[in-house]
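Two complexes come next, and they have one chain in common, chain A, joined by chain B in the first and chain C in the second.
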Partner chain A sequence: MLAAIVNQILQGVLLGGLYAMFAMGLSLSVGILRFVNIAHGDLIVAASFLLLTLTSQLGLPPFLAVLLVIPVAFGGGYLLQRLLFQRALGKSVLPIILVTFGLSIIIQNGLLGAYGADTRKVAGGAFETATLALGDGVNIGVLPLTIFLTAVAMIGLLDRLLYATRIGARIRAVSDDVATADLVGLPSARIYAIAMGVVGVTIAISAGFMSIWTNFDPASGPSRLITAFEAVVLGGLGSLWGTLAGGIVLGVAQSLGAQVDAAWQVLAGHLVFLTVFLIRPQGLFPRS
Partner chain B sequence: MASSALLSIENLSVFHGQFQAIHDLNLEVAAGEIVSIIGANGAGKSSLLKAIMGRADRIEGAIRFEGADLAGRSTAAIVGGGVALVPEGRRLFPSLTVEENLNIGWEVGTRGDVGFEDVYGYFPMLRERRRQKARELSGGQQQMVALARALLASPRLLLCDEISLGLAPTIINDLYEIIAKIRDRGVGIVVVEQDIARSLAVANHFYCLLEGRINLSGRPQDTTREIVAKHYFGV
Partner chain C sequence: MFEPKAFWTVAMGRGLLALGAAVLIVGPALFSIPQLQLLTQFLSLLVIAIMWNLLAGYADIVSIGQHAFVGIGAYAFYGFAVFAGLNPFIALVMAGATALLFALPVMLVIFRLREAYLAVGSWVVAETLMLIAGKLSAFGGGSGVSMPVSVVKELGAQPALRYETIYWLSFALAGLALASTFILMRSRVGIGLTAMRDDEEGAGAIGVNLIRSRILCFLWAAPFLGIAGGIITLQKLRVAPPASFSITDWTVYVIFIVVIGGIGSFEGPIIGTIVFFLIRQYLADIGVWHFILLGVLSIAVILVEPRGLWGLLRRIVPQDLIPVSHAPPRRRRAQTPDADKAPSPTL
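After this line comes the complex of A and B, so read on.
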């Protein structure tokens, strides 16, 4: 009984790694670009379908496929910001939200047209099912562990990128005050686009893991968005490490909820989110 | 008037939407001189500086820097070409350290002969506080960072918008001493101030703006405080 609960909690923590991965890109766009990309989840699903094509049609191993998709996702994020989102940014928050909402619908229906409504999954081979036995009936999946460690590494790298590089300082400057950035000669549109390119990279990596670990279909995007959004808000808007904490809280809540009843899995996550949100609306680790 | 103008503005009109902030303005700044723009609130001083930085909605006329028209250039290109602004209200990046703020000034500029050692020489306090976040500094210290950030761009033309606003007189004196030193390095400087006395004291030339038009200009020693005050208030 104890081992079962420990297993569930461990599983939940590791699941939190995947949620943090979904969320860190959204956290960057909320914290830096100051808008919520409603199509964030759909972009993850679109990248998953791209990976599905590369692995099933071309027979590439998933790891190699992700490596190929990363630069594509960076370029895609850059161009999406430069050519579309940048035009909708302005005095009002409404246009940009409507544009990302529209993009979400376009992606979902585009994927439906191209791939059909079937639920899909990318085959990950032996890696998918390998487990480490920690003794006393406590087991840990190699795939979930890899996802969790990758999420931690990604946050560490993003943190370094933002706080220890030239482009990071520029990104933070634009995030602080875009009008001043423009006034002193920083090319804010290009800096925003680079930030969205980085978001694209997080989308490609999360898609790589999500497509192996869970099922997805063209309509999966919004539920990924909700999860990402909850993790971002739980962690504190714009805080990367907070996002990991938010993901873990959601993951553990879902995993324990599923113990009570399968139908409680998703609901438990939402309930914990709402409870924390009511008690601590600024999130667990608000960015000072 | 300088024969080889660094900045030469000809028949400039500046518009914000339907509103015309500047009417048919002519102005010149030579290398190594300080030009003061004085005028009451809303006279068009900041609109003029914004237009030079390429951030006006629409302009008519010409803004020539070293002979080349700046019209249509991006602010990044203008700053990279040798024009830097100390914005009104300091406008630092509050969550960045002093050093990061300064570094941005260096990166967007001409990457010329002004280095960190020069600005730390002007403002020794900035070296001590270089790891501190800009938001933690006092108003006077922030103004020093804002001036140092613009200097690090190694500009040949420096625009200072209301740098004395809200600061103690001793700090203002320090800032203007440094501005005089920068002038002596051959930089052309435009100083926008509401404080008439301060403005006239440092300037080689001055222009008085009223409702978007120049109604008085010349050398400070050729006029009196009373005449300037009359034009300033438009009475």
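After this line comes the complex of A and C, so read on.
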């Protein structure tokens, strides 16, 4: 009995790694670009479908496909920010919400038209099913563990990128005060676009893992967005390490909820989110 | 100063609105049952669009969780009409009251989130409520339940009579929504809302109580959405979580309607709903493409003319067709010689 509960909690923690991956891109756009990209989840799903095409049509191994998609996603994020989002940014947040919302519907229906409504998955080979036995009936999958460790590494790298590199300093400068950044000659529109390109990279990597681990279909985007949003808010808006904490809280809640039935899995996550949010609206690790 | 061209454009616009209203009033005598059903859908969607515009266009509450209140209304209506055995008309009122009751705790959550976060926050709340509705075994759980025939018959013995009754219900609700929101917009609160729409900080600075206005708008919208949910249930004759809480029907379409018609104007939702029904009637068979078209159109509208189709028309039409804002007081300098006799400053 105890082993079963430990197992569930452990699975939940590892699931939290995937959620943190969804969330870190959103956290960057919230913290740096100061908007919530409603199409964030749909972009993850779109990247997953791209991976599906690369692996099933061209027969590429998933790892190679992800490596190919990463630069595409960086360029996509860069252009999306430069050509679309930048035009909608301004004093009011209404235009950017509505533009990303429109984009979300376009992506969902574009994928529906191109791939149909079927649920899909990318085949990951033996890697997918391998497990490590920790004794006492507690097992963990190699894939979930890899995802979790990758998420931790990604957060560490993003943290270094923002706080220990030249481009990171520029990104933070533009994010803190765009008018002053412009005044000292920083190309703010280009820096924003680079930040969105970085978000694109996180989207490509999380899509790579999501498409192997879970099923997805063209309408899966909103649930990914909501999960990412909950992890960001739980962790504290704009805090990168907070997204990991938020993701773990959600993962554990869902994993324990799933013990009741499938519908409780998602509901438990939402209820825990709402409860924690009401008690601690600033999140677990608010960025001062 | 009389400008004949300006006068006639405004008169023509108002004439069209009056004609539309007249057609709706004689509708049941004019149209077949399927056409009447379409008009009922039109009026229900119009009510939801007016409310979303009030929230997003004026009170700066950009909600993506509107469908929650439509769904709550649907379930409450079913509960009061079927389980409590109330008369369907009273059950509709109770559906509105229930939606209002739910709005209070929902406000507690989403008003802690500002701006863009509120949008997704309201969506989380709607998702949660939909999942909870799917857990109510009395309402058929996840697959939903149909209305018993006995309740349906209370609206009229023959189908034709029933559809007419449902039509009049939606007509009355749309009329009430338009008239009461018009009065709200003309009131002191409404002037504050218009100021908020134009410049939130400025409005706050000159003494508009932003929080109170937001709360009022949120509570204003809820019962209308709830009753609309009840009327929609009468049309569909069943409740089910994904249909009653449909984000596509009651939020996605509604956002497109208001954005394309013209956000932050009284005419916008009306024009948007008409355009939406035209697109849907003629382009529904192109499947996913009509969604893509709506998405592209709404993004283009926001980037090119954020005030939507009504903003475009407004370049020709010199004033609002439905005067929600107050005309500035006429300058009567000529008649008031007092102005010239202003006391000269004493040194």
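We adopt the following convention: the second predicted complex is superposed on the first by the 288 of 288 C-alpha atoms of A that agree within 3 Å, B and C clash if a C-alpha of one lies under 4 Å from a C-alpha of the other, contacts with A are read in each partner's own complex, and residues count from 1 in each chain.
As a working rule, contacts are C-beta pairs under 8 Å (C-beta built on N, C-alpha and C of every residue); 3 or more make two chains touch, one makes a residue touch a chain.
For clarity, every value in this text was computed on a predicted model and none was experimentally measured.
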item: Contacts of A:Leu186 with chain B and chain C, given as first, second, both or neither; value: first
item: Contacts of A:Leu94 with chain B and chain C, given as first, second, both or neither; value: second
item: Touching partner for A:Leu225 - first (chain B), second (chain C), both, neither; value: second
item: Which of chain B and chain C A:Val233 touches, first, second, both or neither; value: second
item: Touch count on chain A, higher of chain B and chain C; value: C
item: First (chain B), second (chain C), both or neither touched by A:Arg120; value: neither
item: On chain A, positions contacted by chain B and by chain C; value: none
item: Residue ranges of chain A touching chain B (in the complex, touch as defined); value: 166, 169-170, 172-173, 175-177, 180-187
item: Of chain B, residues touching chain A in the complex; value: 53, 55, 74-76, 78-80, 84-85, 87, 91-96, 100-101, 103-105, 107-109, 149-150, 153
item: Residue numbers on chain A that touch chain C, as the complex places them; value: 30, 35-36, 38, 84, 87-88, 93-99, 101-103, 105-106, 108-110, 112-113, 222, 225-226, 229-230, 233, 237, 263, 266-267, 270-271, 273-274, 277-278, 281
item: Chain C residues touching chain A - in the complex, by the definition given at the top; value: 56, 60, 62, 64, 108-109, 112-113, 115-117, 119-121, 123-125, 127-128, 131-132, 134-135, 142, 247, 252, 255-256, 259, 263, 287-289, 291-292, 294-296, 298-299, 302-303, 306
